[in-house]
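Note that subunit A is present in both complexes that follow, paired respectively with subunit B and with subunit C.
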Partner chain A sequence: MFERRIFSRTAAAAAIASLAAVAPAKAEDTVKVGMILPMTGGQASTGKQIENAIKLYMQQNGDTVAGKKIEIIVKDDAAIPDKTKTAAQELIVNDKVNFIGGFGVTPAALAAAPLATQAKIPEVVMAAGTSIITERSPYIVRTSFTLAQSSTIIGDWAVKNGIKKVATLTSDYAPGNDALNFFKEHFTAGGGEVVEEVKTPLANPDFAPFLQRMKDAKPDAIFVFVPAGQGGNFMKQYAERGLDKAGIKVIGPGDVTDDDLLNNMGDAVLGTVTAHIYSAAHPSQMNKDFVAAYKKAFGSRPGFMAVSGYDGIHLIYAALKKTNGDTDGTKLVEAMKGQKWESPRGPISIDPETRDIVQNVYIRKVEKVDGELYNVEFQTFEAVKDLGKTKK
Partner chain B sequence: MTSILTNLFDGVAYGMLLFVLACGLAVTLGLMNFVNLAHGAFAMAGGYVCMLLVNQHGWPFFAALPLAFVSAAAIGIVLERTLYRHLYARSHLDQVLFTIGLTFMSVAAVDYIQGSSRVFINLPDALQGQFDVFGVGIGRYRLMIIVICGLLTVGLQMVLAKTRFGSRLRAAVDDPRAASGLGINVPQVFAFTFAFGCGLAGLGGALSAEILGLDPYFPLKFMIYFLIVVTVGGSSSITGPFLASLLLGIGDVAGKYYVPKMGPFVIYTMMIVILIWRPNGLFGRTAAR
Partner chain C sequence: MSASSDVGFHAQRQARWHYGEAAFWLVVLACGFLFPSRYLIMTDILRLALFAMSLDLILGYAGIVSLGHAAFFGVGAYAAGLLALHGIINEPVLALIAAGLAAMVLGFAASFLVIRGVDLTRLMVTLGIALLLEALAERFSNITGGTDGLQGIDMQPILGQIPFDMFGKAGFFYSLAVLFVLFLLARRIVHSPFGLSLRAIKNNPLRAAAIGIPVNRRLIAIYTVAAFYAGIAGALFTQTTAIASLDVFAFERSADLMLVLVIGGTGYLYGGLIGAVIFRILQEVFSTITPQYWQFWIGLVLVVIVLVGRQRLHYGVLYLPNLLIKQIGGRKAIVTVPESDA
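Moving on to the complex of A and B:
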């Protein structure tokens, strides 16, 4: 029995030794990207768009960069922060990933932040939009957007374009409050007045009473932020209640007219003016190719989440190119800072100080193009930084 | 003044919708003493059937509504015969675990087949928009809901009170042993009632797509509302849940309109107050079986 124990111990030692000998050789030529995305649950469309975009990018650009093979590992967190954390731990400890990316909602991105700091690996945020995220770890870089970017711009625009009285309807959670506060700050600074302020519960079955209140307040426009899935319901009830005929416009950050759902919203949505970072109707050649390729591969229109994912994987490629394949996390984050490139949404860059995205914000109006509803851009605010960072 | 009436109208429509969705649950819970948390899954099934027929096969909306009822009832009868039947005699905990499992399976199945995004049913133009009656805004769709649900309620009450089937059902509920001794086929009565309740849920699901939104998480999101209706209304008749639905619908709409900050809590506050006042619900029988 004694002998057997010795035997099993040596066997185990040998096994470990051989594993150790194989592992580094493998790690040298593959770079692993751990994607944590909501693939199920209410946010699943975000996860699917980002995954699709990454697949598309890798089809177009190959899976090797600076002599390394890129391997994507997708984990589903259903947008629940506890699961995000577990997934990040597994990816970092077991799979030894070189990047973590994705993050459908703000709490998910925040849950992974301390792990990215500890493990010293870049966390590329491709969806979540609250300003504070990049302040939570020096390893966080963002390729999506912040709500401050779009909400401040629509506030400035509205007040300059004859909208004096606004009623607001926002979902009562962090991004909704961000959108409301930044809008209010800029809109009232320009001389506008917020006549009615309603926060709707996140799981809101029926907008009717809130909309009736909006209608009775008789504003020039309603400022709306609701999570992506609820935009359609909101627009339908807005029309049903005749707010469009009462001359009350809808304005807001672009989430309410997300390309993913826009076409199913019906004609009530026509004329809605939003400020956002991406429209599938962006007139550049690059975007036309991107939209065509995406439609061909996945049979649907790409939304802003898809573009954020496309740019996220591009940033990872670009960083690896710059470090010549060096996978040291600190060097990779350094390499990401100040990157500038042309995205389907227009020219974008990574702010070297905040590691947040700098991009054009477009004012768009919903119009019918070839029988389909699109956000048609008509004014551009160039190179907008995130205005929501903690003031120092 | 006019906005009070518009709110009242919206509240009644919302309450009627809750009633159609939840009255099947009142039947299974109150009459059959079975806790069916998967009730919303049948509503979702009806909603998706209606959506597919209208959007993809070009059926008129009003022709698809009965089909939503029939298909949900058919699914109900199949599941009742194969699965539910075995759990009638089991404890409530077993029933809860079984039906909540079924709910999660339905969510995953619909998510897999139809995707997770919210779907809408293409409505005929005649049902869209609002018209004014003496300055009171009346939504066409909501008016249709009130008409359909009102007729259904009257019909149900007639069937339960006046027909032979109604008396058999009441007998089977009051004392299943004595009823079967009198030659009433109790399992058959229960199966039919269960299927009918599922059918109503399916119809409710199809009607609610426009107002509540239809996605694969429907059964989980609205389970709490169904349960509130049944607990507040009591589950011994259908009048109780009907009045409870109206009360909650109007209360919810008025609360959100007049005190938007407190809005979401109004419905829960009402439930708590009513249950403290009458623990068996508004119309509960004091001596449950």
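Moving on to the complex of A and C:
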């Protein structure tokens, strides 16, 4: 029909115009960093923290390194792996980025891995924490942590500190399973017993029914892993169900008491013991400055995701410095291997063999400091490597 | 002219190919050559268009509302993923058809639930089916990979000849070919007497039944066909992205699809295609400008579309072409939107 023809043509013309409009321009002396982060959806707080930290780092250290101007391109993937993949392809093919970074959850980091290998560009993982990630591509470097690092240590600590019976509650996806397995391995090896094992769905979890089962099992403590951002919800339901009053403690990797949300969790969280890589109360001067600057710029407390992002962008700067501005992906990954620096979380380095992060793991207890809730560190395990790599 | 030959005349006239349609497809094909750096987003648009066409078949032609169309998309996606992952059917085109058939079987089974109710019940039933499947996929994570998704899918070359490349060129033309073939099929279906009987059912099911149209059987048939289409769209998704995760069943996917048809209009097949183009481009533009708040702007645009009315928007967009036609052609411009689109 005649009228349809015109309509279709107009639509097509509009489509062409818009496609052309979003096509990017290319410049020679800029280095582009494509950040793929969950900016919407359940993991949005992770994306926000990393983005903030990168902004802060670039304010402090300038946006040029080795004569190249750093340009950050942020893409939202809402932590959905196929969106991550599309975003990564778009960034690599169209924006011609020199690095991809971010990755709020493990599936997202894994989805981008084959692309990093094919395109030969470094993938800097700044959040996701499953051990296998760095094995999926020789171009993956991690500045966050692995669940094995914190879970094994809290497992050992628990059994040495009079906790005999533990119920576990973990998110049902790769990092949750990592946390559970490593904890169980170390906890039971030391003579502890796991009395109840519960896995909760990653998306929109309701912990209440599980918590009732936990309460009935009467353990000494519950081992909890939920991804950053869900801890607040968990603690609320933990208090509502009266588990704190029943004397059941919370232990786990520090994701559950993320600094980002900790202060609003209420007094039920007091006494929670976790093993983790970063606390905003870490007593170094560098961390004090970092926390103050972050608070001033964004009005909130930085969590471990922010620190991972801060270190991630630092690693990118350091690699560029070392290659003297050479943007060849293979050389950049080589330059990243073995890097050592002082981070707000303490001394860290990149293991040259696994490209994974080596860092201190701290045992912390939630306490009130100046009226605010903090994870106060009381024991340090130095230079912990990832123990979750496939045995070779 | 008698009434029946009048209907036949109109039906035939509608079924004829128009220059505009040919031009539309040529432009789509040309996009493949004009924007070699945008294959991924264009492939995404094609997949969405095919998926929207599937919903259009039941919504625009048979009047079945659905908030759970992602159920069939998801079944197709996982079927294609599992077939490729376990090497059961390695050739993508065959796997595509197999995945479509899997979704079709589910569609056939689900159609008996769907025909039982009216609009509100249908919304709930379709929504329920999709949620059910999502929960099942999460529960049986040893098969589906759960929240981590199916990892490590390695797609074989299409027809054993054309490998999928990382720039998405093969994926784009493959998707385009599939979309075009299925479009031809859909076009044939909706202009057939069967398609006309669906429209009669949509307008008034009671009257349609009274003139001898087997309403339920027709609805079951079109619902099954639509499920096949959605399954193919899902399979294309897995094959071109080499990934399948729980979100293929997500409610957002079904809801987005409704939005696509709200933008594009229903009941003329191109609604889904045009809606998909506009929706994705809006999403792309907004999320590039503001990665955090793009959903707000998409929402705003939709509110405006609904408030102003699509017809008036179309009139606005078509104002300039109309003017040109008037000036150059010197004839009375009669450019309007199809009446079914209002």
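Please note the rule applied: the second predicted complex is superposed on the first by the 360 of 392 C-alpha atoms of A that agree within 3 Å, B and C clash if a C-alpha of one lies under 4 Å from a C-alpha of the other, contacts with A are read in each partner's own complex, and residues count from 1 in each chain.
The working rule: a residue touches a chain if its C-beta (ideal position, glycine included) is under 8 Å from a C-beta of that chain, and two chains touch if they have at least 3 such contacts.
Just so we're clear, the structure is a prediction, and the values are computed from it rather than from any experiment.
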Touching partner for A:V93 - first (subunit B), second (subunit C), both, neither: second
Of subunit C and subunit B, partner touching more subunit A residues: C
Which superposed partner A:Y173 touches (first subunit B, second subunit C, both, neither): second
Contacts of A:N264 with subunit B and subunit C, given as first, second, both or neither: first
Subunit B versus subunit C as contact partner of A:P201, first or second or both or neither: both
Which superposed partner A:P347 touches (first subunit B, second subunit C, both, neither): neither
Partner chain in contact with A:S45 - subunit B first, subunit C second, else both or neither: first
Partner chain(s) touched by A:A239 [first = subunit B, second = subunit C, both, neither]: first
Touched partner set for A:Q118, first subunit B, second subunit C, both or neither: second
Common interface positions of subunit A, toward subunit B and toward subunit C: 40, 44, 201, 203
List of subunit A residues in touch with subunit B within their complex: 40-42, 44-45, 198-201, 203-206, 208-210, 212-213, 216, 229-230, 232-233, 236-237, 239-242, 260-261, 264, 266
Complex contact set, residues of subunit B against subunit A: 3, 6-7, 10, 14, 108, 111, 115-120, 128-130, 137, 139, 141, 210-213, 215, 217, 221-222, 225, 252-257, 260-261, 263-264
Residues on subunit C engaged by subunit A in the complex (per definition of touch): 14, 18-21, 23-24, 27-28, 31, 34-35, 37-42, 44, 138, 141, 146-149, 151, 166-168, 237, 241-243, 245-247, 268, 270, 274, 277-278, 281, 284-285, 287-288, 291-292, 294-295, 314, 317-318, 321-322, 325, 334-338
Interface residues, subunit A side, partner subunit C - complex: 1-12, 14-16, 18-23, 37, 39-40, 44, 47-48, 74-76, 80-82, 85-86, 89-90, 92-94, 106-107, 110-111, 114-115, 118-119, 171-174, 201-203
